[in-house]
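In the two complexes that follow, chain A is the common piece, with chain B as its partner first and chain C second.
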Partner chain A sequence: MKTGPAPVYGGSAVSGNQGESMLNRDFIKEAGQIVGRDHCLGGILDIELYSYDSSPFIHPPELVILPGTVEELRQIVRLAARHQAPLTPRGAGTSLSGGAVARHGGVVLAVTRLNRVLELDLLAETVLVESGLVNLDLQNYLEPYGYMFPPDPASQKAATLAGNIAENAGGIKGVKYGITKHHVLGLELVLADGALVRTGALAERAAAPDSTGLFMASEGALALVSKALLKITPLPRDYRTISAVFDDLGKSGRAVSEIISAGILPTALEIMDHQLIVALEDYLHLGFPLDAEAMLLIEIDGLGPELDRQMKAVFEICEKVGAAGVSLARDLAERDQLWLARRSGNGAMGRIKPATIVQDVTVPIDQLPAMLSRVQEISRRHEVTIVQMAHAGDGNLHPHLLYDPYDQAEYQRCLEAGHEIFDDALKAGGALTGEHGIGLEKIEFMDKQFSREELEFMSEIKKILDPEGRLNPGKVLPAHYLPGPGGEVSA
Partner chain B sequence: MNILYPESAASAREMVRQSGRARRALLPAGRRSRLARWPGLEEEGGAALLSSERLTKVLSVEPENLLAIVEAGLSPEEVRRALEPAGLYWPVSGLDRRSLGAIMAEGALSLESMARGPMIDWILGSTFVEPSGRLISSGGRTLKNVSGYDLTRFHWRAWGSLGFSTAFILKCLPLPESSRVLEIQCASGTEAAGLAESVILKRIFPQALRLSYQEDRWSLLVWLTGFAEYVEARFKELRALAGDRPGRVHEEALDFWNGYLARWPLKAPGAGHWLGSRRAVLDLAAHLDWPELKGRPGRIDLDPGGGQIRFEGQAEAFAPLDAFETAGPRPEGEVYLRLKRGLDPADLFFPARLLGRQVK
Partner chain C sequence: MSDYREIQRCNRCGFCQSVCPTYGQSRMEAQSARGRIRLVRLLNDGQYDWRRDPGIAEKVDDCLLCRACVVNCPASVATDRIMLAARRDFLEIKGLSLFQRLVYRGALSHRERLERASTLMRLYEKSGARNILYSRVLRRTLDRLIYFDSFLPAGLEAPARGQLPEIVRPRGPARFKAVFFLGCASNVFGARTVRSLVNYLVSRGVELHLPKVACCGEPHRTTGDEREVRRLAAKNIPLIFKDNFDFIITDCSTCAHALAHYDQFIGEETPEAEKVRPLLARVKDVNTLVVEELGLEPDRLRPLPATKVTYHDSCHALRGLGVKSAPREIIKAVPGLTLVEMKAADSCCGGAGSYGFSHPEMSGRIAAAKVRNIQDSGADTLAVSCPACTLQLGAGLRRAGLELPVLHPVELLAAAAPTGAQT
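Coming up: the complex of A and B.
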């Protein structure tokens, strides 16, 4: 056991929450009556388990409630409204931005028991699900029918669709298949006052205004999702998986730009930098070239006859921009190994340093080579280890800033480097976050991306749908734009 | 009727602000808007249309980023003309008579809805003037962007009542190498519906799929696009499904569709445009007693991808169908109503009393 000063997570030591408890005995008793006492958790260990997500932020709730039906979910929301209790919606807790931690205490409302597939309609190419269904469980359910749900975040083994919707999850297939919002046709939602509403294709009227999109990436701060009608997509019949290694990270970025400009839309276009290649080789022993500065993992899918010509073009582009080697995965086993490596990135980085701040800035694709180089330069200047991987085809960088949580100075350098990355991404015409969400992590940078009027407009929407500011308080918007326990403005 | 023609986002903002100060109702409108004859408008003293007719600039075309930035008064055809030289394609076809702002406002469904989804899925961001006169930009030049709330998508099918769009950032695709429509003649609506179901269940994934009835004849229209090898392979699969049914191939796909859609002015007696779902459209095609249509004048267009049907001269045949409703504004839905009340408390921006008038 390492000893020393308290570790640093999320900019502050492990902390309690602001404000006094709003949960009295009546609340707890009634909640237990609604969901059953076994699903109303308040023990020390339970609170500890639900006090963190996959971000560095730790804030314990006062109570964890796991409704088993939509009606139970609705009753809990109504109960919380009567008691003015903060509600932090939660799926599997895989948020990387602090979206699922109870910043202001109160109740964590976890939807993981709402995990059923309700209806599959192959003719309509839709599936109706409860929101707590795990992404990978849905993929496994659909696969025998020849379909997939394209969004596949790295956390798909655990992440729920509620979380995918709350963060508008992307994943590796975004460039060709789009992201979560492109595959959600309608939602069933519980509003802050307990009203049950249906939007989009689930609404009573097909011609009514479609409000579904407002809730995509709203981080559970506008409503809780109970069900979703999802569009499903035929599984590709065939694919080609190509890896290319480069002696320069910028060259790999240029290859990405040229592939897109050539009219090829790969399923996946992933960059891994030298440090990640070394860490992965150390972890998985796959025979990766340890002298490579970058590796590009490219997958194209479709029908066999069209793939060979695209593959040839990809080889030519990679060679033209100076790839040291380009190769095609010879069989399924080799393809699986490459994807195992890509999906093992986060784990492998633990071999370099024990703690990570993962960013996910986005830039227009033509800015990618320059942005990759800038992050390298920031890493050198701040003396911080930054491992780079990127969903390069959609300009989504994932710089991992690695640190030792017992080294306060290194942590501070990481924060400063991270701020500079935010600034550079915005200067390049990009965004603070592509798929991880604002959460707690990026709130203080919102006024760099948005004007005061835009933030005020978002604040008004928050106040319209959650006037007491009790849904996921303290998230998405800076405090001076938020009502309720997370904010400083009146409803 | 006053019609205001902003020439920039800034002038649109100023016009909205002035109207707000004068407490004058504004109706966001497209280019040659039918809103000028909106029921009840004549009773609204001082009300004005806010038209995007002069917002027609192409601001940026970026093939390397697969995007374009355009003003909201352009039509999809004008966008197409701007994109083609850059090798880009924006999959919103068949709506060339409308402006982009109008498509957004109406939630009008493009030909490609079957495979590509509606226009809203091909917008990365937008700029709009909200009802109190603030100019708001949402989204950006990247596919992935979850910074803050998505302020673009809730305008879909809201008839401009939550804001006046001035510009859009369009997500584009590489221009497809090959494009082909196969028209397969069928003996009945039931047969056409059965064939359409086979196309879907065989996962052929066409760009568009329409069931068409005209001149006492049914046909299934299937549009394929992509790399030449892809289109050829899918075409062979389709021919195998069609069996010995007669068919025609249309190599100039967009010309074919423009001709097909031009035949739907929807002004004849007994005409209608109804919305439902893919399932409802296919059920309708399969289960209506189609022989009763025989010998009656009129046309039917069924779009499973968009979940919509249009008909002319056949209104009685559709009258009892609960699975559909007439297209047009529905100022309904709890979330929409809360947003409308909250963002436009004076109800000046396409006032609900007018927006609801169209609904009978």
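Coming up: the complex of A and C.
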């Protein structure tokens, strides 16, 4: 069996990785017949192009298949089952934890071409979509009808719903509207053996036990999602977008806890630190204060007088905590620019250093100010650049650890700093990931976050649904709980 | 090479997928900025080699250079510069392909040859040979030929050059002097537009000079043919950047964008670049010149029949020169015309120089998507500020069986202007 190179950023995925192929010629030929030769890619350059996602992990698949219909997807999964080929499901490839790279070779199965909206039901307020639809394309489709799909991860421009479901993505609006799992009513799934099943509201008999939740955040390791029935939400009638500037990162965190404990439920509560403010100003020229240590973006939505009352309270809290300035976005254009800025945070890191490890720990909301300061301290001690942004409303931190891919020592320091952040978050009663998933990145911490019983339970479910461990092999669970390639457990 | 330093800033966030027209059609990584950059990066790191892996050149060539990714990239990675640098390197190793030799150095570099080709095209159209091509029997077997034929507008005029003198003076005293840079596509395919613009500008008191210029060099630049780019720029600079010309204008956004960057074309760190740099601000998009320097004077315009007009933003105008509002203001100023925005007006039409001929399949798909947006807007006229986009979208409309007129915004304005008026 072949093992990929260690997770480093720079090099080619293919060179120095000449293991034995698990895919035989018949498999490749038949796959080509199912999806067409143009969508069954085995050339060395295409392999390179599907070796990465947005994380630092790079591993080459042996074949890339892009089905054009759900039926093709199903046939490919069946074929793979016959040939016992490992399958790594992939959407847009924007995973930040290595979820979409083929750690153990085999096939990358990309759903990007399954991007149709199938049925909109405004009476029931639902929409049925193929899983490869891009989140933002769905938003744009719904907008003229006065609706939205609330989960809006920062990567929504590119990320697919398949990916949103696989990671149970939250996003900026998560604090008020909840995360992906709160808006998925049912799924159509292709199981490891190619069987097609429907769950939740998509099932024929709706009275059957609803297993939809099982597949939320399952990272493509339990089944492939082909279609999803989603609950849609009317667009808010009115909103206010407020930005507050602070001379200390911890203060912005305190403002967040106070807003929440005052019973205000903003649509969004986002913290950005000094370095991020500078990088984003460099990109968008919005007139951000370059000397600010932190900025808090707050959006509240609702109706007339109630909205203004909340806005007043938010202003008062920010001022009380010691904001250097609080202001209201003048118009829609300014508001859109502020959110574009926030959503661009991850990519804008390229302005500071070429490579990034993005973390995704969550802590209880009252621990947020302390955690933000802890990360600052870790950054200083390990001498690594850590840029902080946070979906502060649900205690979800996104520290970005930056490094130069050609500087191995710096990369090591990042890993060490990262481990310390994980440890601290768990100690504070938090979790490893809010929405980016375990992927390859956080496997070694699973033993710390979950009890043995819990991990065994997950392992049992995995073994039932994917006894050969062929779906997204080597991900999520530590090897001693995992069947198949990269695992040490037999089904 | 400094352009390659851009690669370092790409941290693979994938946001470019949302705007890259080739990704939009194929939904495959190789057709996105992130994928293209990745391959050039591996090449630069020495993992691959142009000679051993010519597939990389092919993938680098698939880029439209439309810059949609660049302006939407949170790290502002200049994908276009990376692709151009890669093409330059590849060209050094491989030399021009037969297609490039024929089209670029062979035809575009020589105005007379282009004009002779135009005669042939007109002959072909008038002879009725075209009808045979479109006949049912041959249709299926000749799909590719029909695709290329669709680029030929009906009633193609003789080249503009032969129809216009080298200097056109207004009746009264000139408000200012300007060079009208007559580019290759405008000359061969856009005579009607050029005549209309020239007449309009002269009627507004502009003295126009139409020196016998060479190709602007942009087509050669996209293939990485730096030597030819420099030769053409050196030929044009003394013709257009003369002291007594206040402005340099053209109906072609690609030419305008090229001329405005002639310091780079001639070689960024050369004395010639230093000399031409202070003069580059004279290059002006013609829509902007009309709005800012001449004024629209809507009260003097005659109403045109009620028409819904949609405007396509050319890459070189919008992302190259920052032209966005002027053409729209012109359309809105003409009584009778209503501006209706199409979806994704700012996305590339897929024409991208000769991309339509080198990549017929992808280019055709991008055009078809664009045509659907035009159709959905409900417009009955399409306004475009570039002959290359006009050619590409005209062909796309023809293939979709739509009879939408395609006009330059200033052409629409000219149609409403009082005839022979002088200010």
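We adopt the following convention: the second predicted complex is superposed on the first by the 473 of 491 C-alpha atoms of A that agree within 3 Å, B and C clash if a C-alpha of one lies under 4 Å from a C-alpha of the other, contacts with A are read in each partner's own complex, and residues count from 1 in each chain.
Criterion: contacts are C-beta pairs under 8 Å (C-beta built on N, C-alpha and C of every residue); 3 or more make two chains touch, one makes a residue touch a chain.
None of the values given here were measured: they were computed from a predicted structure.
Novice: Clash or fit: chain B against chain C, after overlaying the two structures on chain A?
Specialist: fit
Novice: If you tally the residues of chain A touched by each partner, is the higher count for chain B or for chain C?
Specialist: B
Novice: Look at A:348 in the shared chain and tell me whether it touches chain B only, chain C only, both, or neither; answer first, second, both or neither.
Specialist: second
Novice: Can A:371 be said to touch chain B (first), chain C (second), both, or neither?
Specialist: A:371 sits against neither chain B nor chain C.
Novice: Identify the partner contact of A:209: answer first if only chain B is touched, second if only chain C is, both if each is, neither if none is.
Specialist: first
Novice: Using the superposition on chain A described above, determine whether A:199 touches chain B (first), chain C (second), both, or neither.
Specialist: A:199 contacts chain B only, not chain C.
Novice: Could you tell me if A:179 is touching chain B, chain C, both of them or neither one (first, second, both, neither)?
Specialist: First partner only, chain B.
Novice: If you stack the two complexes on chain A, which partner ends up touching A:65: first (chain B), second (chain C), both, or neither?
Specialist: In the superposition, A:65 touches no partner, neither chain B nor chain C.
Novice: So if I take every C-alpha atom in chain B and every one in chain C after superposing, what is the smallest distance between them in Å?
Specialist: It comes out at 21 Å between the closest C-alpha atoms.
Novice: Quick check on my understanding: which residues of chain A belong to both its chain B contact set and its chain C contact set?
Specialist: none
Novice: Along chain C, where are the residues that touch chain A in the complex?
Specialist: My answer: residues 8-15, 17-18, 27-30, 35, 38-39, 42, 45, 47-48, 53, 55-56, 59, 73-77.
Novice: Flag every residue of chain B that touches chain A in the complex, lowest number first.
Specialist: Listed in rising order, the residues are 62-67, 87, 107, 117, 120-121, 130, 134-138, 140-154, 156-159, 161-162, 173-175, 177, 197, 200-201, 203, 205, 226-230, 232-234, 275-279, 282, 307, 324-336, 338-339, 341-343.
Novice: Quick one: in the complex, what on chain A touches chain C?
Specialist: Listed in rising order, the residues are 10-12, 15, 43-46, 48-50, 52-54, 66, 92-94, 112-113, 115, 132, 134, 136, 155, 157-159, 283, 344-351, 354-356.
Novice: Tell me, which parts of chain A touch chain B in their complex?
Specialist: Per the stated touch rule, the residues are 121-125, 146, 167-168, 170, 174-175, 178-179, 181-182, 189, 191, 195, 197, 199, 201, 203-214, 216-218, 222-223, 231, 234, 257, 260-261, 263-265, 302-306, 309-310, 360, 362-366, 391, 394-396, 429-438, 442, 446, 449-451, 453-458, 460-465, 476-477.
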